[in-house]
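Please find the structures below.
Next come two complexes, and both contain subunit A; in the first it sits with subunit B, in the second with subunit C.
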Partner chain A sequence: MKQIETINTLQMILLFQAFITGSTIINIQGPFIGIAENGAWISILLANGLGAVVMMIVLFMYERYPTLSYVQYTKVLMWKPIAYLFGISLALIVILFTANITYGMGQFLTTSMLKESPLYIFHFLIIMVASLTVRQGIEVMARMFHGMLYFLFFIILSILVLNITHYHPEYLQPVLLSGWKPVLHATYVGIGFPYMDIMYFAMILPYLKREKDKPFKRWMYAGLLLNGIILAVTIIASIMVFGPMVTYEKFPIFQLARIIEIGEIIQRVESVFGIALIIGTYMKITMMLFIINEIITQLFDLSNKRAFVFPLGLLVYLFSTTSFNNEIELGESGLIMETILAVSLGFIPLLIVAGRSLVKR
Partner chain B sequence: MKVRRHRRSENNQQEDSSPKTQLSRKLEDNETAIKAIFTDCEDIIYNKFQYSSQYNEKALVVFCETIVQNEKANLLKEVMQDLIPHEVGNATEVELKEIKEFFIEHGVTSRAVNVIDKLEQVSEKLLEGFIVVMFEGWNKALAYDAFAVEKRSVGEPQNEVSVIGPREGTIENLTKNLGLIRSRLKSDKLKVKIQKKGEQTKSKVAYAYLEGTVPADTLKEFEKRFDEINDEEILETSYFAELMEDSTYSPFPQFKTTERPDVAVSALLGGKIIALVDGTPTVLICPGLFVEFFQSPSDYYQRTLFSSLIRMLRITGYIISLSLPSIYIALSTFHTELIPSVLLLAILDTREGMPFPALVEALIMLFFFELLQEASLRLPRPIGSAVSIVGALVIGDASINAGIASPMMVVVVALTGIASFSIPQYEFGTSSRILRVPLMLGAATLGGFGLMIGFILIYLHLISLRSLGQPYFAPLGPIRNGILYDFIFRSPLSKQLRKHKQSNVLSKANEKGGS
Partner chain C sequence: MIERIIVTVVMYLLLVYTWFLDKEKKNRKDFMFYMGLVCISGYLSFVFISGKAMFNLDDLLDIPFERPARMIFNYFTS
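So, the complex of A and B:
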């Protein structure tokens, strides 16, 4: 294996897309529509706009320190104990959120398809596979997710297209049934998940091999916008198909796949699509695990990165099986706590570090 | 022909290990010394001769009878014949002095001759099928190449039959194989390097490449690994492949093999390195990439459209061979709603009274099938057909009647078996046979999720696997759109030529782009 791995611009943009779209594609529609109803697509676009602010700061710091990750430039800029405090708090929230995503995936599988299997098996397998992938390094991940992302987009597109006969555009009205408050509420959720995740991506950015002639930042923003549009479109499609009933669906996109019916042959294909959608979650968990590993090894200057993947994977696994007793606790963690934790332990330190770098100039 | 031999370096190596013994001036001493080396080797023949006008000069001819089959071993006469035109006179009147002068000055001889002066060289030459001539009073010997062993003649390769195209296949002779390749590729860019490997076998191993077409880093990596192999005995090209490949435990072969010189030449033109071993017809093509295993030599001899469709059929065949039993298990045990209801009822009907779950049923049937496959490989041909009839009956009919398997399972297993034969490279087909079973276990325990985990692991392995430092899954692994097209379609030759011209630009871009 090469000592310093690098990935090119296209791969980095695709990694970002996989990271930001990955698990959200099955998880986001349910809570958003549940809170904001017909206005959910507005909330996602608003949250997306706020995500662009996070991205702006991350890219600003990347421009200043292209070879350093968030943890590394924090250590350069800040007083040592503060840097460690920021690093550890970031590691903790990323571990928690990874456990959250893992639990969400297990929940998706046990409630929709494999109802009798225990959760821990799914958690164990997905984290094991993710750890194995992380051990292979960022290059392999970039190559792998390239094809997988195309596959995921293909699956989403086919779900949307195959349902074309079921769409009822009139269900979209009225957009703001209960005013702006629910929309803003859903935006609040969206800040924590998925858009605060952009910040964790600052750990991966230094692996980019800069090619001068290729615009990088512009494409990152475009990728973010594309993500917002995809999520908004899936929300709109769910509303158009299910109408007012959509608020009762936990995984609307999965239900969209369920009602696909073409002739007598293609029907009830939700298992195929459901499992394909898991690929997104797998990508997200893998990258989160990679980020945790990066944070820990860089924070404590550990030279052998690969050695820490499995212990950290085990930690995430234990978190995922013990943190939440049931769906309601997961919902609470995801919808209320995640935003607070991510902003207070992740975003505010980032702002402080960015401010410090401005002052230092 | 640019054939470079590395004899000299090898001789140096031997000098390091054991000091060489000079040949003696006395013929008898030499004879005893050689006899001491070849004790109990009764195929070494010693012939003594007398020459010169009074028949008072003595000479000794030594050779290994078993590898010098076609030769009349009286090379002494030839030695003299060579001298006659120059020294004028009768063959019987040649003196030792004249012989010495002539060969030391390297006069014109009718056959290639090596003048050697070390005892070790004598034994080495004897084993290579040389005839060694020694003279009383001269501490040097003459060695003539007379190697001849019966070999199969060039015929059509059994395992790589093509409807259209050349019928020639490689044989067990390295020189002839290289000749078959060289005669198709008359270019001074074709470089051939021959070395001897192995402590006991001293197998001649050759590799060849087309200079300028082969990527420099691949060649460097190949040569590095090639030089690392020294004392390993190499009997077949597969030994060589195993010693050089990146991952020995991978189910996927990382090098292609062929027995067709035309395939070898097309590989050379495509920037590959080929390796050959004396004594085996198999030609190794390195590096081998995943997608290349779906390409058959006959693809380029047939019409584009047809070849493209056939290639897609092969890819489908591989996917079926890899995953059909596991998909069937997952569907029938976990995701029954996916099967159209009428078909589901039919399956349930046939499965009635089955004692085993789908997994066990599938494992039993696949085990039967694999057993049958192995048995028919080993059996003599006349019995083989009888066994396959019995096997077909057992797998097909009897197992259904006996209640071991359901008819649907027989269809699944049979289809899997047939699909696994659709891949042109036998070695590559075995990967699906190995990976099928873990996938089935995954599907039986966790349905579609287990299957997906299995596929992700295979995908991960393929992506991280390298062949001679090149990414094995290349046009799919790091996606390269331009080349990916060639994986599914057999593009027309006119397009390929254009691409060939651009290939230099492309390879440079790849180097730049990395990963």
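So, the complex of A and C:
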């Protein structure tokens, strides 16, 4: 990890896409369809729209303080104890959410592929690899994730295309079987995960090498919209294949990969597709760990960023193995707690800081 | 339990290895903070090895936020 690192506009946009699509591509369909049933795709698009509001504030602050991260401009704008309070609360929620994502990935592996293996082995391996990647710095991450993201999108596209014979568009009806309330409920969940994550990305933005001729903001919004469309399409595809039974599937996208059968040539390819889905989660965990490291080192003015990657990785690993005793607790944390925590400890402080920057000219 | 202990030992060995890699670059403040993180990890390692449900980060955040979160959840599911 070099002390001064920069990445170009394309790399930043691809990092953002990896960050926002990463783990959601395996985790979001199940809970969303479970809550909103056939209206889940509307929920994801509504949540995506609200995510654009979060992005608007983040980019507004970035325009004002292009060389500072969220923690740094909070320290500049706010009274010091308040800045510390905001920084610590942000660190706590990002650590908790990274532990959630890690547990979700372990759960995906133990429920779909490696059923006899203990969860903590997967947590250990992914956190170790993520920590090693974070130690190499954002430039290496940007270069690595560039290729991985294309691979991930190729696999998602393949899953959708190779299932084309299984689609039943009539399963999409009725869209609002129980009215708007479940749709709004899923939207509420979607605000917490994945769309409040945009706020954490404010810790990475100062690494962008400013290129005046490149329309950075426009591409960030386009990236966010693309994410909403991808997630909505995977939800629609899951509903069209499994119909009402989709609500019983924990990871519908993986089940879509499992049922692919083209003659006797392409079948039982779920392991290959599973690898791509794990790569998505790996990218997300790596970037979350990078963000945690940035928050902690900038908040407490620690001199050597690199030295804190492993202790923080260890902390996330241990939280992921000890915070939840079973998947019901994880579900409660994700569906009930995550949004209120992200809004109260992440978004409201961001609003206060943005308001303060408007007043303090 | 044995497997958990082995994983924990491997984790701390990795931590020691990276500690030596970055040894020269740490000042006193960094050192204190590093040790603080290791102490929290020590408590969590004990929770992990013992396999018991003990006070954790999610319990800490549940204290102020669980009630309003459940109220919102009940509103949507009622």
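Points worth noting:
Just so it is clear, the second predicted complex is superposed on the first by the 359 of 361 C-alpha atoms of A that agree within 3 Å, B and C clash if a C-alpha of one lies under 4 Å from a C-alpha of the other, contacts with A are read in each partner's own complex, and residues count from 1 in each chain.
Throughout what follows, a contact is a pair of C-beta atoms (placed from the backbone, for glycine too) under 8 Å apart; a residue touches a chain by one contact, two chains touch by 3 or more.
None of these values were measured; they are calculated from a predicted model.
Aligning the shared subunit A places subunit B and subunit C next to each other free of steric conflict.
Look at A:F122: by the touch rule set out above, it reaches subunit B but stays clear of subunit C. In the superposed model, A:I156 makes contact with neither subunit B nor subunit C.
Of the two partner chains placed by the overlay, only subunit C lies in contact with A:P311; subunit B stays clear of it.
Using the contact criterion defined above for the overlaid structures, shared-chain residue A:I260 touches neither subunit B nor subunit C, since it reaches no partner.
Once the two complexes are overlaid on the shared chain, A:F324 sits against subunit C while remaining clear of subunit B.
By the touch criterion defined above, A:S303 lies against subunit C but remains apart from subunit B after alignment on the C-alpha atoms of chain A. Measuring from the middle, so to speak, at the Cα centre of subunit A, the directions to subunit B and subunit C differ by 90 degrees in steps of 10. Nowhere in the superposition do the C-alpha atoms of subunit B and subunit C come closer than 14 Å. Overlap of the subunit B and subunit C interfaces on subunit A: residues 121. Chain contact summary for the complex, subunit A toward subunit C: residues 92-93, 95-96, 99, 118, 120-121, 124, 128, 135, 181-182, 184-185, 188, 300-304, 306-312, 314-315, 317-319, 321-325, 329, 333, 335-337, 339-341, 344.
On the subunit C side of its complex with subunit A, the touching residues are 3-4, 7, 10-11, 14-15, 18-19, 22, 25-27, 29-30, 33-34, 37-38, 40-41, 44-45, 47-48, 53-54, 56-58, 60-62, 65-66, 68-70, 72-73, 76-77.
Residues 5-8, 11, 109, 113-114, 117, 121-122, 125-126, 129, 132-133, 136, 139-140, 142-144, 146-148, 150, 209, 264-265, 267-269, 271-272, 274-276, 278-279, 282 of subunit A touch subunit B in their complex. Put simply, subunit B touches subunit A in their complex at residues 334-335, 337-338, 340, 446-453, 456-457, 459-460, 463-464, 471, 473, 476-479, 513-515.
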